[in-house]
Every structure is written in structure tokens, then in C-alpha cells.
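Dropping a structure here in C-alpha cells format, bear with me for questions.
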Amino acid sequence: MNPKPDNKNRLSLFGLLGLVISRDLMLAMRRRADVLTTLIFFVMVVSLFPLGVGPEVDMLRKMAPGVVWVAALLSSMLSLNRMFSADYIDGTLEQMLLAPQSMSVLVLGKILAHWMLSGLPLMLMAPVLGLQFDMSGQALWVLVVSLLLGTPILSMVGAVGAALTLGLRGGGVLVSLLVLPLCIPVLIFGTGAVEAVTSGMEIASHLSLLGALLVLAFAFTPWVTAMALRISME
Amino acid sequence: MNWGEFFAMKGYGFYVWGSYGVALLIFIIEIVLVRHKRNITLQQLRLLRDAEKEEEGTT
Amino acid sequence: MAINWFKYSAPSTFYWLAGKLAPWFAWPSAVLFAVGLYIGFFVAPTDAQQSEAYRIIFLHVPASIMSMFIYLVMACYAAVGLIFNTRLSSMMASALAPTGALFAFISLWTGALWGKPMWGTWWVWDARLTSELILLFLYFGFIALHASIDDPRRADRASALLAIIGSVNVPIIYFSVKWWNTLHQGSTVKFTGTSMHAAMQQAMFTVLVACWFYAIAVALARVRSIILERERNTQWVAELPEARS
Amino acid sequence: MLEICNLACTRGDHQLFSGLSFSLAAGELLQVQGENGKGKTSLLRTLCGFITPAAGEIRWRGQDIRELDEEYYAEMVYLGHLNAIKDELNALENLRISAGLAGCEVSDKEAIEALRHMGLRGRETLPVKVLSQGQRRRVALARLLVGNAPLWILDEPLTALDVGAVGLMQELIGTHLAKDGMVVFTTHQPLEVAGVELRRLTLT
């Protein structure tokens, strides 16, 4: 009987997480256009709003958090398709399912990489756009914090949708149809925090609810996504 | 009570009958669709079977 | 008496059973609708505040309850199908989805027609209405996902996962919308605490049972077509008298 | 070691095969044969656990692979029709990442050695984009050299390979079998390994 292979060179879970993240980042760096398109889309959508509703500063200031958040939601939908489809097409996803480590950790790595490439740039970009809408410094600060807490949730919930619609015709539209309704609480609390600070109310409750959603999503979505991927690969 | 008064619903006739009318319409459409789907499915089954019979006949 | 329940979970037996049961739900449903609406329109008195417009309630409330209830039942069926790999429960889930979406739509429609004369507007961003709208979106998502996957097994499993996630999310969405709403404007929509007349309750309850029976009848009828479609290559379908030309 | 009992597989609503039983012991080579559409790939994908069998079970070291899960995956390698190679990365990076996904860390030295063994000397740091189909396949096959999994499941390993590479593949399989490895594969080309009896399984 064959002895079981030795575990000398076995990769630890954190090693795997690091490997997946660095791989996705490296791939994105060699294909920068994809990341930049999403970011430009975000900037464009936000900039279109004043043109649509008129340049009154008071109204713009009131709308700003909502506009930024909706634009962030839409542009993260755009980038969702990329999350698994390239790996699905070239067979890497098959190999990932055969990884002798927890699939959830692998998926978590991909989600984090996706966030670094979509949520993080949006978050860094948001203050500049907020200035276009004449937001106060304090409001900008809260906006960034709310995006920091909220955009990872978008990536996580989005991952489930992306995994379920893997390889389907019309997957791009379908994924938005599935994911957008599920993201409504994030939108509500995200914009709520910014609105609260501009109207002088306390913001802690909004942000802590957002944090609670983040923890909840962090606990379940990698696992659910892994399950969805198995279903989609069958 | 006369029927004209009844249908007027004290001025709210449009809203009340609009609700019930549309609901009725939706129920009827759904029932028709379910029946239609059943007919289509049965028809496909028959076609499938006829095609198989013909194949058996020729081979 | 020992009944072999597993026997009824075989599609071939259930096809027959559903055919037998459907009329037993369909006709009582029609009768109950008639009775409920008779009580609602002729027995129940005119409301002091809302005049005759309140009579929409006999349809609106049962439709709203049904839309949520059907979603839960659908998610349960889907979950059973996913966990125990029983084909029939997945088929039941997909048979229920369109009916649930219809009830959600009726609920929104009647809500709008009720809102206009009462609050002067077709739509308010109230927690209840908004959640109902999102529920309709969730139904659309379920149906769309199921429809766009060709392999029925994968379609069942993928949409089951979606239905479960949706049912976890519905309460979160409801409370977040409610909170958002109270922060914004204070709830403009309040069901004033007028004690409901007994006849009103009876009418509403009767229509609710009628809707329930209707949903069961339609779902059973629909699941029969789904069973035939999925099992078309089996021997028992080939031997069905109605499939003979 | 690998036992298949009464396996059945359905795709959509037609049955590909049923009642399939066989077992594979250390050092054995099994070729799965059959016409197109008879379920060769589906059988291999079922062995990988991608597809849930409609009936029957697959056991590895006496336990169901569904229960073993990660332990089983640590002991097998699968190479499918798709290479799992990224165009944007170079051969070395590709190999290191795919080995990492398979759970083992590979040093640069080992990886370069494996690639050279596969006849890719001098092309280790070129982006895979510029390589030919056959060379890409070799990059994918190099994965077999860096792991130490006893079970190899290879779906059409010889496609796009030239004669030299086919010989290399035969040699590779031979060494693996000599080390008490196991290979299940499908192919349209003849493949012979010196000194090993080839078992055949035909799907009808």
C-alpha cells in the first residue's frame, strides 16, 4: 500500500490566502485596463448627476452620499463578472475546487482581491468626487469610513451572485438582478451615516450596523460562494 | 340598494374595482397560462413519441 | 394507519395525486372567494374614516400575506431539494414561484390603488411597501436564474441557494427599510387603531383561505406540467393515457 | 486503493453509464475508452468529485471520497481539457501558482527543473501568451512533476503534443507507476508504457 504523501511542503491556510490574493493582484496589474474602466465608470456616473439634476449646490450636497453610494453599487456590479469567469474559462477554477484546502479560504482570497481592485479604489476616489458635490470635510470622512465598511459586503454578496451565474448566457445582467436587491441594507446604512453627520445626528449606530452586516457577510458568504461554485461546476 | 350606487362605491369605484378587476384578470391569465403550458407539454410528448415510433419503424 | 409518505414523493405517484387533488382545491377556492367577497361587500359596514375605499383591504391583506408565505414555503421546498436531493421538492419550489410573484404584484397594485384616495399618493416609501417591492424582485431573481440555466439539476440547486439567501435577507431588508423610513420622515402610513368589525375580519379571513386554496391548486396544476417535462424520457410518462395521440 | 462500485452518471436527462464497477491498485494504469458522448470526461470528472454520481460510490483507501474531501484532493492530480494556464503570467509563475493551489510549495529551483524536464528550457520566464499550444500543454503537464500525489487523472493528456513530448509523457507515466502511482486516462492516440500492463475500460 502506498504511504500517504508527506506534508513537508504543505501550504498553510494563510499561505494559500496570500497566494490567491497575490495571484489575482498580479493578474490585474498585467491587465490594468479592466480595473481602470470600472473606476472611470464610477467617476463618470457620479459626474453625470449634476448635469441631470442641475447645479444647485444645496441640492447636490444633499444628494451626494446617495449618488456616490449608488454609483459604487453599480460599478461593483460591473466588475463582478470578472471575479470567476476568467478562471472558469481557462480551467483554473477546476483546479481550485481540487485544492486540498478549504475552498472557503480560497474564495475569501478571491473576494478580498476583488475588493482591493474594485472597492478600495472607489473608496480612495470618493473624497475627490465628494468635493465636486461640495460636501463638508466631516461628511467626506464619514463617507470614506462607510465605504470602507460597506464595499467589502458588496464584494462578498456579489461573489455569491457571480458564482451562481457562472458561465450562463446573459450572466452580466442576471447577476445584477440577483445581487442588487440583497445590497439594499448596505445602501441604506451607508448613506444613512453620511446624512446623519450632515444633519448633526449621531452616526455610531449606522456604522455599527454596517459593521454587523460586514461580520455576518464575512462569516457566511465565502462558504455559500464555495457551495455555489460547486453547483455551477457540475 | 341600487346597483349604480353599489358600483360607484361613494366615489371610490375606480380604486375598488380597479383592484379587484386587475386581480381577477391576473388570476384568469395565470390559469390560462397553466392550461396552455400543460397542452404544450402534452403535445411535445406526443411528437417525441411519434418521432421515436417512426425511428423504430424504419430501423 | 401506516402511510408510506415516500411513495408520494415519487414524481410518478405525485403526478397522479396532484391531478386528483387540484380540483378539490380549485372549486372550494372559487366558492370561498364568492363567500368572502359577499361578506366583504354586502355584510361588512362602511368604514367611518375610509368610507368604501377600505374594501380593497379584503384583497390587499390576503395577497400580501400570501406573497410572503409562499416565499417561505418555496424556500423550504428548495432547501429540502438541495439538502436531500429530492427532485419533487425542487419542482414544487419552481411551481410556486410564479404564483408568489403574482401575489406580490397584486399586493403592490392594490396597495397603490388604496393609497391614492387615502394618502393622496400612489406610492410611499414605507417599509411595508418597499419590502414588498423587494420581495417581488427576489421572486424575479429566482425565476430568472432558474430559467437561464439549461441543466434542470443545476438550475434547481442554484436557485435553491438563492431562495435561501433571500429568505435570510428578507427580515434584514425589512428592518433596514423600516429604520431608514422612520429616520427620514416619520411613518406617514399608519393603520389607525380602529377596531375591526367582526364581518370585516370574517371577509378577510375567508378570502385569505380562498387565496391559499387557489395557490395550492395552481401550483399543483403547474407542477404536473413540470413533472411531465422533466420525466419525459421515463417509461411511466410514455404509458400515460393523456400523452397518447 | 481506488474502488468504484456500481457507479451511474446522468447528464441532463439521459443516462451516460450505469452499474460501472472497477478498482485500481498501486502501480496500475487504466485507459478509459469509448466513443464521443459516452461519458469518458464525465467519468473522470465524477472521479474528481465535480459531478455527484446518480448512484453508486467512489472509495479511496476504503472511504467515500465525499467524506474524505480534502484528504482525497491532497492525493490526486487532475488534468482536464483546459490547461488552467494564465496567458498574462510566465511559465514559472504559472507552475508555482498551480502547485500552490494543489497545496504544495515549490521553490524556484524545483520549478525550473520541472519545466526544463518538459523541454521548456529558456522559456521559463516568457509570458505564456507567446508560447505555442503544445508548449502550453507542457507547462500544464509540468504540474505532474512537482507534486507527489499518487493518483493521476488525465483527460486527453496527449492532445497538442508532438512525438517527442508523447515519448516524454510515456516516460513520465512509467516512472510514476514504478513509484507505486496510479494513472487513469483517456486518449485518442496510442500510448504504451514499457513493462506495464495497460488495463482498458470501455464505456458503451
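Per-chain numbering from 1; labels A, B, C and D assigned in written order.
One rule holds in what follows: a residue touches a chain if its C-beta (ideal position, glycine included) is under 8 Å from a C-beta of that chain, and two chains touch if they have at least 3 such contacts.
These numbers come from a predicted model, not from an experiment.
Enquirer: Relative to chain C, which chain has the most distant C-alpha mean position?
Expert: Result for the farthest chain: D.
Enquirer: Name the most central chain, where centre means the mean of Cα atoms.
Expert: That would be chain A.
Enquirer: Taking each chain's centre as the mean of its CA atoms, how far is chain B from chain D in angstrom?
Expert: Comparing mean C-alpha positions, chain D is 53 Å from chain B.
Enquirer: I'd like to verify one number: the distance from the centre of chain A to the centre of chain B, where each centre is the average of its C-alpha atoms, in whole angstrom.
Expert: It comes to 43 Å between the two C-alpha centres.
Enquirer: Report the inter-chain centroid distance for chain A and chain C in whole angstrom, where each centroid is the mean of the CA atoms.
Expert: Measuring from centre to centre gives 33 Å for this pair.
Enquirer: Could you tell me the distance, in whole angstrom, between the mean C-alpha positions of chain B and chain C?
Expert: Chain B and chain C have C-alpha centres separated by 17 Å.
Enquirer: Mind pulling the residue numbers of chain A that touch at least two other chains?
Expert: 234, in rising order.
Enquirer: Give me the residues of chain C that touch two or more other chains.
Expert: 151, 232
Enquirer: If you look at chain B, which of its residues touch at least two other chains?
Expert: In chain B, nothing touches at least two other chains.
Enquirer: Show which residues of chain A lie in contact with chain D when the two form their complex.
Expert: Answer in residue numbers: 1-2, 4-6, 9-11, 15-16, 19-20, 23, 26-27, 30-31, 89-92, 94-102, 106, 230, 233-234.
Enquirer: Of all residues in chain C, which touch chain B in the complex?
Expert: 37, 41, 46, 51-53, 55-56, 59-60, 63, 98-99, 102, 105-106, 109-110, 113-114, 116-117, 214, 218, 221-222, 224-225, 228-229, 232, 237-238, 240, 242-245
Enquirer: Touching chain C in the complex: which residues of chain B?
Expert: 6, 9-12, 15-16, 18-20, 22-23, 26-27, 30-31, 34-35, 37-38, 41-42, 44-46, 48-50
Enquirer: With touch defined as at the start, can you tell me which chain D residues reach chain A in the complex?
Expert: 1, 26, 48-52, 70-71, 73-76, 78, 80-86, 88-89, 93, 97-98, 100-106, 148-150, 180-181
Enquirer: Over in the complex, which chain C residues touch chain D? Could you list them?
Expert: 85, 150-152, 230, 232-233
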